[in-house]
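Dropping the structure in here first, questions after.
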């Protein structure tokens, strides 16, 4: 009987807290969204599963001696996992459209206003009782507006590890929701005739330019904004592996083995931050709200900058492509294409939107570097 | 001359102990069995090589500063390697036959009696002078009867790391010997007419059921037996990656890159536990004896449960498939098929045996959880 | 304004030292050589990029909390990365030509004289003010003559981590320069008629001999030179994975996933040792000089031993193949083939040069073991 | 601990252990049957959507054929240009 | 820190931050245009050498056709022997 | 240590080192020849069994043709059912 009692005391039922049960439900919801709704399944499925495992009572899987806790310690506390994923993203990304038309970097810059506006928004929430976001918290939340998973996880793990779970979930959820969030804003801010603008074909980009591109970005980053060097460096390292043409083996490893394996580990580890005390509170609601705000503002400022460029160039730029400046590669570019087709069945904007789209990745890495320099070290 | 003396003192010859030389021979034997006899080569070849490297005098490859010692520290002491392999096994396993006929779980349960009977057997050996197995040792030895490599390594690394080498060798060796061990027992316990029973074809299993299966297992495990949650969780995570259909990249990574790389590392690391003082003693003989016993008893109780189910269902179940309940996937199921064919050349039992076969994997993970809860924490 | 000042103080421009700027240039030069001149791009591209990242001011990427610094700590300080690469090299190498004609091991032995001569050379440099190489430093520099990247990195990380950057750069650069360095020496030391010698076709090597080969090497290494056991053990483990024919999954993992991923990490980590204080000094010039010397001497002694063997066998050995004994697989063997073709358009020496070529890998692992035993432990 | 104590504890462990293993798997049989019944009732033979997203962002809700055609066209066109 | 202080700091951060982001990316536009101009001027439409080295040593400077032919011949011959 | 001491030690190291390298590789030549002779004598030209097991369990000793046929048949049949 003693054994049976011991066993009962070791069951989940005898040890469950309400919070754990709820968080297991949250994990299940994330997996449901991943599978049934195709919400960023590569990340949300492991995150959801990690949440279930780490909220299992007694087992301590997310604790310092548990498997997922150790993975978190090794891969996320150190920042290595998001950086390796960024290397893979660099190896997977074709910056050709951006090199062909560098001016689209302006769109990628404008869309980052969503980040800084959200920072103010997070600070403003402190006026409501129950919210107490520090500057570091506000910066971590704001980066959701960057629409870039690894960047958000990297910054949040540095500035506000406690909020990491909610921030990662918000970032990936809103990226999945880009096809719902962006179109109304895009339509509201542009006229039918603007949306019908056809753009010139992109010029050819030579192999040499592709190889020099990572160095151009890197030199600026190293000299002016070294705090962005880890993120930007790994992104450009991956891209150089891809474009150099002499290290195909390594490029393939970065695009496949490394990014796949790290994604599994990163997802599980992020899930360990989905604990009841850190997630089931009013702050998470605030983060979800602010995240949506960030995407909306970023989309709007991107489109507005598109309109400015349209004016300045005498109608050569379709303002819709500004919406792709939030990044969320390649989803936002596809949304631009789709909204454009609604106004003109023969106007394929996809390639033109890829420029601002990848510019947005660089833009939010720059923004992350600034926030690290001014908030992290400050 | 001083240099030459220094060099001589650093040779293996000047430093060999008998034990090390013998263990190098044991390593060579394992590799021989792996290559010439195809005894689980994926594990036994690296284990054998690890044993040779770690018994090299002076070099200290298995020590705290040696390569293999560090791999052991990082991957096995933490339990991470067997868990990652279990994730891969989950991603490689088709649970369809079990979902189609859940009653075969009873066969998987019955075969676990081999584990608990062996536990008693290990304790009984203490009556013989020279044996001094603690309860934790007995539990680690007993899990050999689970016929599941990663489960055995996981449990032994938690309860009795000193016995890990012998236990892993015994577990994989007997799994390789399943085609020799099981048939006589199966024939002895069944009649010719029983062996000729044809079973109904399995029903179709929908994609949704396959996706829900990991959650069904997980919910029970989390609520009732959290100590089995790491093993079962990773097994079911791997299976969900496979069945969800939305994360093929990750599923492939779990089935290939991760399991292959980890198998190399795990094998070498387990080999480091094959040292003379830990392996060349009477306890190892006991472990080998008990391991054989465990397989025999598990096979027998599985078949007996098969006979019971045959009776209860009025002859719809061929008792032979009970033998597959020990797991040793997919070898035991193939053995069932082969023995069945001896009695009826047209009776293919393979698919029917896959149900109890994968049920045995779940069964021994449950048993491992119980042993961890009652012996490990106790 | 305060924020702006803070930001300015965090820029690279405000913090650059001359040394860092120069080392970033060195990194760029390495990448240029890798891409434009195809100088061992798989290693020199990541090394060059690592140098750029780790010389970024403020960011501390190569420091104890930076990504690359942590990778160095985990992978190179422990020796694990070069050993894993050696395992991959073993899995990629066909030792058939060596097994068919074991006498070519003599050529691989003779070429190692480059190593020991360079050791004396390094010590002699101490006569010049500004040089102060310890015996450990001299040994690390000398191993460049082994013409084997992983061996050089392994030994240098054990004996003189401070010189690791310069040594790795020298080793890989000279390997890339083998087609320029070797031919003049080969032509100077041989007569036209010697270069025209045609060699007998290699005998067939059975699968069993291929499987026994790793054990033959291993047994000698374990009994006589255990300090070479980590390097030789992993090389032979990889080769056994390849030749055993029963673990194709693991062999492919060693040849692809593991070696590719580790190469990326190793390259970046070695780059972190390219700091101004460690690289921009007269010692580096000495290392580059000595490295060239090592390759020249190794080539010469290899060819001379080839001449001896030619004499002894009555003209059955083309002395040119001795040059392949420095290893630098498969470049040196190709150079032999090319020089041979200059004298006789129909004399393909490639396969005959593969024997000494892979013998050179074994030879320098033996030399590394000796240096570790006599200098490292001494 | 004396041998008899240890053996008794082992016996107890055997009893409790086998009971739990069997109970757990019988429960699982029940749950699987429930799931099967539920699926048969509420979601009989769904046709799987078969969408396999590329990395790093999913295929998303955007799946109308026109888009796919457009993307393909754009990519083909762009590649053609790039090669010239 | 009081709310107004914090908010003011946030405002400052916003101003500085957006300025830097825009400035950085405008600089990058300039650099990319310079690079494009330089490439157009000094290296117009290079034909890529397309050499992809095997592991672990690169194909090196040795690229004359005869060698490639020789290697192929030798390998074919050797394989033939080995198979027999 | 003075330079001459260091140099002398280096010389010694060179002598000992080269001796060992050469000795080791000569020994290896001997061993390889022994192995070759032994193989020629006791296992001339074996025909390799060529079995490559799937993960995680090996193909085992069970290799009669009938089984393979049975497995194939069963798998095909099962797959067919599952697809319907």
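Per-chain residue numbering starts at 1, and chain names A, B, C, D, E and F are given in the order in which the chains are listed.
In the analysis below, a contact is a pair of C-beta atoms (placed from the backbone, for glycine too) under 8 Å apart; a residue touches a chain by one contact, two chains touch by 3 or more.
Because the structure is a prediction, the values reported are computed rather than measured.
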Reference subunit D; chain at largest CA-centroid distance: C
Most widely separated chain from subunit E, with each centre as the mean of CA atoms: B
Centroid spacing, where centroids are CA-atom means, of subunit D and subunit F in whole angstrom: 38
Whole-Å gap separating subunit B and subunit D, where each centre is the average of the chain's CA atoms: 23
Two or more partner chains touched - positions in subunit C: 3, 7, 38, 41-42, 224-225, 245-246, 249, 257, 370, 374
Residues within subunit F bordering two or more other chains: 13, 16, 20, 51, 53, 55, 58
Pairwise chain contacts under the document criterion: A-B, A-C, A-D, A-E, B-C, B-D, B-F, C-E, C-F
Residues of subunit A defined as touching subunit C within the complex: 78-80, 83, 211, 215, 218, 222-227, 229-230, 233-234, 237, 240-241, 244-247, 249-250, 252-254, 257-258, 370, 373-374, 377-378
In the complex, subunit C residues that touch subunit F: 99, 102-103, 105-106, 108-110, 112-113, 115-117, 119-120, 123-124, 126-127, 135, 138-139, 206-209, 212-213, 216-217, 219-220, 224-225, 245-246, 248-249, 359, 362-363, 366-367, 370-371, 374-375
Touch list for subunit E against partner subunit C, complex: 12-13, 16, 20, 51, 53, 55-62, 64, 66-67, 70-71, 73-75, 77-78, 81-82, 84
Subunit E residues within the subunit A interface of the complex: 3, 6-7, 9-11, 13-14, 16-18, 20-22, 24-29, 31-33, 35-36, 39, 43-46, 48, 50-53, 55, 58
Parts of subunit B lying in touch with subunit F, wherever the complex brings them together: 3-4, 7, 37-42, 85, 88-89, 92, 96, 149, 175-176, 178-180, 201-202, 204-205, 259, 328-331, 334-335, 337-338, 341, 345, 348, 350-351
